[in-house]
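I've put the structures underneath this note.
Look for subunit A in each of the two complexes below; its partner is subunit B in the first and subunit C in the second.
Let's turn to the complex of A and B:
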């Protein structure tokens, strides 16, 4: 196996992972898949998935077309009720609730991915209805086609309000959305010129937001010829978006972000490594699900290049902790905790979204994460699989201190727990006679370990 | 099975033992627990006739309704409760009596708990009605505890000793003894000894002989099932809760609500509490000696001149949830704020005074604006109803209003009208900048009433006109009617209060003045909760992590519980010699409730 990402053989990397005697499809690999794709696995999910083939497990995670209509209805009804308060922070609590309870966590994870990609913050766009509609757009397209998603985003009221593009007149084209469309959403830096930005901005003149809705004002649209990325034309109706997406770099840029989302934070992948994914993305008309499937079933994904090579985001830490142990939570408080730890839902820091990776970790956030974990597992009102945390562990055969520590480590940690740290956690576990308190103490202590910060 | 119940020795042994072990033979002792307590007792709570009261509780409609609740029934199927029942059954078998009978005999002669200032101890005293099973029960219980300890490979937590030839059991730091008719438990040995000594020696100098206590007890309501007494002079001297007795507060709202009560508590020697249980409800009242001169000029805003300021009667309006009426001269309070509030609160008040004076065209807010109003205030909270098919907010908040009398309506009315119109204009400007719906002002005059209302402009973009934004709960209005001023959150409530006749209150009697009164009506509260059921369910799901089904059940229980009650009445009365605060919870008649 190649030793450094820059030297990874693309052919080897994207071949389907086939379990062998040396690399068995075991709880470690299943837990890795679920941590990256589904916010974590419960003990039962882990056992069930080990008995299946890797592709079958991934396909099941991708089955979003059959999203439980009852859960969707419940979630929509919940959101509609909260919307009447007009308070975006209520929406953050709602989304945390959805992430915790959805039967389709990969869909929700991808919704979060697009929220970070097409970042809009409620700190500026305070209309909760617009934010919810944008969130629904991301969820509908989360594993669908990228091209229509970009077209929708280009007309999305929340996005255009966020980028000060609510009015875009031909006499004074607003370049904000045009610039971000190329730099942040489709191509990346260095793949367009300043002139392209100016010309693209002309294409979007007359695109306005009036009373929370998109409106095309033909009187303010610049219908003249433009030259964009080497092609001249009028570019009516968003044709410019299609032209941008037709650039080979567009596919490379998007699969590069998906690579960082699912494979590893760093180092940045060699373009050659991404090329097979980019080719597949283009071949499938920019369908997102096939690329995600290719990544999640690849040899690279289950290799040492990927495992424990990402820093856990606050959402991964909190939602992962709760989903793993089937925990409930006060999602108002959870949303506030996520905000304090730098990943407020509906509150990305800027148009670039969350930086992620090492940026998640500093001395303040380590303390914040520990406090967040303590609150999540220490609230006696909350249930874990319908009972206390102690009962949950006992139901899965973990009663003695070492059993509690081992179960928690297997489910939560991406890398083996060093013996010294394991002993430390066992000591922590022995401090309490109450099973629920013992399990909570272990999880609280575990959340402070460096190993926990990786996924 | 008994193991889980007996996990806490202090609870299981100390309390159960005390209650049941009290089944000692009566020797015709006529003394009450107060005869056994020292005069240094600071607080005393007594249930004088448990043998009469316990069956009433058992058969009370409220208890029956509580036991019929789904969550209670579910809890009664849990292992812990089943284990508890098992222990009770074991006791019943060995005692050859139902447990209720064991309890009745054990504490039927009276039950009291007291806190002694001198020793810092708490003592529980019970008087038996029948001691024939006492020895047997003592044996049963001590055997059970010993067996439980043995099963856990632990030492028996109950230690036995003797004091003046009386057997004393101790569990950790609780001493329990049965002496003649009495069972005494205390957490201070010295206090325990004092009470036992009094039982044996029939010595003088007891709490019952204290003149202050005797005076308080003489005034006790004979129907009270629980009676309490606190020696406030001793509490104040001991420096306990000194903040609660402070002359000045940091919170202006606390001064409005409680300022007069605190001024009395600062001087009154004691306070008593009565609990009366009736078939149709429960009433709790607290009384304290009071002298109308105590308030002096400082709290004239609270009690009125000579302490005779009376609350206005409630105004009858449909769907009332909460009605509050009180004598409060807010202008006078505002002007005396320097003596009533602390420095920080006064600084904030000074800033508010300056801002409000600006808003009211340079008029002095305390003197001229608040001074234009009479010294009585009414607050009203009512359920809002929206006609079917008409625009309605998704969250239906109750409407609320403030009602006051104008001293000179000819002078004040135009000024208040203009200020209200200016405020609405200001809200519209701020709202427009924040994308909030606009308010449309209009003025109407009818039947001697002048009404200025501000209604939200129709939201033509709304996808569902019956689920509008929360703003659509409000149509802020003012009404002027024959010297009555109404400031309301909705036009409908403003009209209703401007035209409402006052409730017929009891004839005012200077010997008993109702200073403040409030009434909470549960029917309208229940309807308001039901109107917002979906929102309550949503919040329950988010706050407790429940599924919709569980949240729906919890909210259903909450709404169901409000059906038990008809209304809650709160009142603060003064007489030339006393002050009384009472809360009267009135149950809905059983036949009405059962029909639901």
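Let's turn to the complex of A and C:
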């Protein structure tokens, strides 16, 4: 069970991490950063980053905020082909492909973060084109400003259809979107009243979708005075959204979610620990990149409070495993595997998104992850850095059983591999003389261990 | 285990080798055989969670009440269409399976269930139902999880509870000491590479390593070990299926059928948990709600028939709830928004069939919502004390008077 919150000094926590003789900037810390921010590091990325300063590495990950055009062209072309079928499951395969191949993994991670935050499921919204458009919105804003993102989402056709706002009429307002806007998107439960929900729903009456596009229908809009979060007014256009975001709680709520995304699953942070981040977020017009940068360069992030304190998501497990060894994959199969393991892309479980942490893990997903890893590394048609898995390991100096195990553990594991498990894995690697088979066996077994589920 | 427990016990009873076998029967089988003669200790509870907020008012319909027709101009069910319970109330016509269960004396409806100061957030209200605790305090265990902790199951025996589904595990089952397996379907619940070495690698450290200092890693380690052992056991237990009962082809029916098979296979599991999602009908409710009720009622009646046919009718009780009901007045989207009090359904051979408690008034409302008169923890107290034979107060965090809804 989650342990009691530990008091962490907020001043210490958010100071920049600077390496010392006791806490060197080594492969362990670099691998930690890349696992959290970039779906893992390849052996070459690891070596290159160790030679740089931590902040330079983080800045380079963040620089990718503007997606490079050549990869975008490639991914757009692919999306267009898949969209012709209109099938949302094709989109999931497309996104898995993008995650696997993007030169901007942090941008993609944040896109996934917003998908989980502003969750819309293809189980209800079946128009793949609308879902793709929403996905592009998240990618464009992923490391940008939060306020315009909320305004865009409030007019986003997929969202309005998902939360029934598209049929929100003056005579009988539909509260669904209004409630979730405050509960799940901006403030958190308990920071508004039932009356606020009803009043906010009135503000969004007449916000409709016509032929896949947002349209304001003034005949269905309630233009009367409302009282929302202690202020009275008409709240035309999106003014209600601005008023919600002006609440100090909004910044606390969002940085709290970013904290959980990047720092640790548990325990929940003390409010005092979040306050400096929330202040900075407000001061910077709710820009996301500076907060992410602050977190990823902080002392807290490289400390024992953060390392190995998260449960790998299915995406982190699968994409991480593949990207670390530059692997290719059948992304249709991969998307189905992610769904099976509780993280169907475009199919979040409900409007709250994925709960994450311990909730990823149960008997079915433990077995499912083992089966997924076996498929990812066991498919002989797939290439790792252009060759077989055996060739890939050999190129990085790992040929003997213990070398194979140690390289895999260094790159993949957030916590030390117990000696007994290391011996067991070396035994597994002796099953086969074929180098590709041997490496695949080790990775498959490794990905089944409880230690692997930590990130 | 290659045959079901029932068949195995039959073999034991008829075979002349019973006495000589005794010593060589694996421990779990002898324990299962012992459980057979003390029926009260092997009562099984199946919880069916109707996720999203079921519209209780359009499930158990007050078809004589003018207020109902005023509040629901588009969604009200005409009086002639309801499946009548009595001269005032009837089931939604899509829930005919419930009417059949009632006729067979196997369904009790507890009306007006809720809790004070209802919360209308799905997640918050579901957490309240799962943990019996309001926001603010620690909520790491659920009411069923605390029951599991209290019964302190023997390590190495069957899982004391099983969640059948691919959604995340309900908080109701979260326990301090017990890990509950989730099982999406029997086919998916096994390792594809039949790798004994892998099992050994997990067992090795699971058994021999000292407990980890790290809570998260400890959780992952115990989850992994229990997943591997549950997989082995369940794959063996589900070897055969010989029931002639036909289930509808729906997801809920498939899951309940898996539960019937597991029960019949002789697992000592006491609690099963399934979920049917989709009840959040804010918009165009009529067709969606009818389909959900049809799925629910159809699956329930097939399941009750199947467990009775397999000879377990006396020891299986199902309880179905939703995190809240819906607002009395429909909204502009021909749907309903989040509400409060709603009915709970209990099915089994030992219920007092019919309606228990008054239908909440449609005019004396709490901010547009039905008022509850029975606390959900009273229903839980009934299930814990009178069905699972457990002390309810420590689990529920206080004394709640059971509802008179079970018969001897």
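We adopt the following convention: the second predicted complex is superposed on the first by the 447 of 455 C-alpha atoms of A that agree within 3 Å, B and C clash if a C-alpha of one lies under 4 Å from a C-alpha of the other, contacts with A are read in each partner's own complex, and residues count from 1 in each chain.
Going forward, a contact is a pair of C-beta atoms (placed from the backbone, for glycine too) under 8 Å apart; a residue touches a chain by one contact, two chains touch by 3 or more.
Being a predicted model, the structure only gives us computed values, none of them experimental.
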Checklist entry - Sharing subunit A, do subunit B and subunit C clash or fit in the superposition? => result fit
Checklist entry - A:211 contacts which: subunit B (first), subunit C (second), both, neither? => result first
Checklist entry - Residues of subunit A touched: more by subunit B or subunit C? => result C
Checklist entry - Regarding the shared-chain residue A:283, is it in contact with subunit B (first), subunit C (second), both, or neither? => result neither
Next on the checklist: Taking CA centres after the superposition, what's the angle at subunit A between the directions to subunit B and subunit C, given in steps of 10 degrees?
Outcome noted: 80
Next on the checklist: Looking at A:329 after the superposition, I want to know if it touches subunit B, subunit C, both of them or none. Which is it: first, second, both, neither?
Outcome noted: first
Next on the checklist: Under the stated touch criterion, which partner chain does A:85 make contact with: subunit B (first), subunit C (second), both, or neither?
Outcome noted: first
Next on the checklist: For A:382 in the superposed arrangement: first (subunit B), second (subunit C), both or neither?
Outcome noted: first
Checklist entry - Can A:370 be said to touch subunit B (first), subunit C (second), both, or neither? => result second
Next on the checklist: Per the contact definition in the header, classify A:167: touching subunit B only (first), subunit C only (second), both, or neither.
Outcome noted: second
Next on the checklist: Contact-wise, after the overlay, does A:450 reach subunit B, subunit C, both or neither (first, second, both, neither)?
Outcome noted: second
Item to check | Superposition-derived minimum Cα distance between subunit C and subunit B (Å) | outcome: 12
Checklist entry - Of all residues in subunit A, which touch subunit C in the complex? => result 1-3, 163-164, 167-176, 179, 183, 189-190, 194, 197, 265-266, 308-309, 311, 340, 342, 349-352, 355, 358-368, 370-371, 374-375, 378, 415, 418, 420-421, 424-425, 427-428, 431, 444-445, 448-451, 453-454
Item to check | subunit B partner contacts - residues on subunit A that touch it in the complex | outcome: 74, 77-78, 80-86, 90, 93-94, 97, 100-101, 126-127, 211-213, 327-332, 381-383
Next on the checklist: Could you list, by residue number, the parts of subunit B that touch subunit A in their complex?
Outcome noted: 393-395, 434-435, 461, 467-471, 534-535, 537-538, 541-548
Checklist outcome for this item: As the complex stands, subunit C meets subunit A at residues 119-124, 135, 140-141, 163, 166-169, 176, 179-184, 188-193, 195, 197-198, 200-202, 204-205, 208-209, 214-217, 219-221, 223-224, 226-228, 230-231, 277, 280, 282-283, 329-333, 335, 337-338, 367
